[in-house]
Amino acid sequence: MDIYKKLEELKLEIPAPPPRGGIYQPVKQVGNLLYVSGQGPTVDGVPVITGKLGSERSLEEGQEAVRMCVMNALSSLEVYLGNLNKIKSVVKLLAFVASASGFNAQPQVVNGASQLLVDLWGEEQGMGARSAIGVNELPGNMSVEIELLVEI
Amino acid sequence: MDIYKKLEELKLEIPAPPPRGGIYQPVKQVGNLLYVSGQGPTVDGVPVITGKLGSERSLEEGQEAVRMCVMNALSSLEVYLGNLNKIKSVVKLLAFVASASGFNAQPQVVNGASQLLVDLWGEEQGMGARSAIGVNELPGNMSVEIELLVEI
Amino acid sequence: MDIYKKLEELKLEIPAPPPRGGIYQPVKQVGNLLYVSGQGPTVDGVPVITGKLGSERSLEEGQEAVRMCVMNALSSLEVYLGNLNKIKSVVKLLAFVASASGFNAQPQVVNGASQLLVDLWGEEQGMGARSAIGVNELPGNMSVEIELLVEI
């Protein structure tokens, strides 16, 4: 399986790597694990999907936002690895959804990210463990933030 | 030590494994680590302890809720491992508590989960690292959500 | 590089280890990874920087709070390891910032912690992956809580 062919089939392009939004490494390796720093729905580091689910943003916009997080994570991983085909599997996804009071469909939002990873790597390799959490505020008023752990 | 004897002594029964609430694996293994997806106080996937600590739910109800999370995690681990005696130790517990404004007793709530793990595996093996965090909203209006990392 | 010389240069003293605030291990080791339990801006276990960023606390107070979290983490690590020079690198930092409605400068707050780790261990070793998240409430009304993962 060539992940770049998959991206082409899905008509997806790896975006430019997001500039650092603070003092951290985009990707940190320990053994065969790669910890990816929290990713947002940004373009060139600027949040483009902002505001809370349940009031300012629809479920569909939330799903688009988490897909952008995944694409930014892949961009950071490509810079680090040189080639995304080195990724063996998705280990874990920790997703935070900026949630208005009474919004409880965080898993449905985060499914947008999980489905994309499964579309790219298949169920066996693309589907890791996951937690979906609601929070009141995220950096830059982003609608979602995702932390990814992958295995090479 | 036989974990099933311990469960019997404590009059605890492993519940039916919670059905997936999204696109993820209940348990994902890397090396000797098992990442367990976020668990809630659910029965057959339906949240049964909902609402915020500090307004809608008491500390005791919160502690019961986190115990349910642990039992659901054990159910998922049993499906994955076949036998819970394969678990060597609890590495880490990340707990999110749906908190009304001004509620700050998250650690006391989460102690319900930690005590159960210690009752089952003892201090040496059952007590891992831990963080307890308050959040404004959780999936399905659950009162708590717990993410577990164990070592086999 | 001697981390204790660095601490002296920066006029920093490792505080007394924070007493446990619940049923958990301050540090849990698996292989060469050390998971450090959630740390707050406490002295002898008592929160000293409390209240939300964006209303009750300034950015500078938040940065001081996260530095205290790091120092408490180092204290727990020193108890566990005997000598902080055994730490090879900072793998990951997960930071939660108690945030008033509309506060979105979590990364700027958390930079206080990240900068301290870089001052101590340098960019190569002291800069790990990171996520900065806003939440509505934290234990004991602490302004921040930080979870650290280090490699020995």
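Here are some notes:
We call the chains A, B and C, going by the order they appear; numbering starts again at 1 in every chain.
Note that contacts are C-beta pairs under 8 Å (C-beta built on N, C-alpha and C of every residue); 3 or more make two chains touch, one makes a residue touch a chain.
This is a predicted model, so every value here is computed, not measured.
For the self-contact between chain A and chain C, the two sides draw on mostly distinct residue numbers; the shared fraction is below half. Seen as a C-alpha superposition, chain B sits on chain C after a turn of 120°, to the nearest 5. Taking each chain's centre as the average of its CA atoms, chain A and chain C sit 25 Å apart. Residue positions of chain A touching 2 or more other chains: 31, 94, 135-136. Those residues of chain C that touch chain A in the shared complex are 31-33, 89, 91-94, 99, 101-108, 110-111, 114-115, 118, 127-136, 149, 151. The touching residues of chain C, when paired with chain B in their complex, are 21-28, 30-31, 35-38, 94, 96, 135-141, 145, 147.
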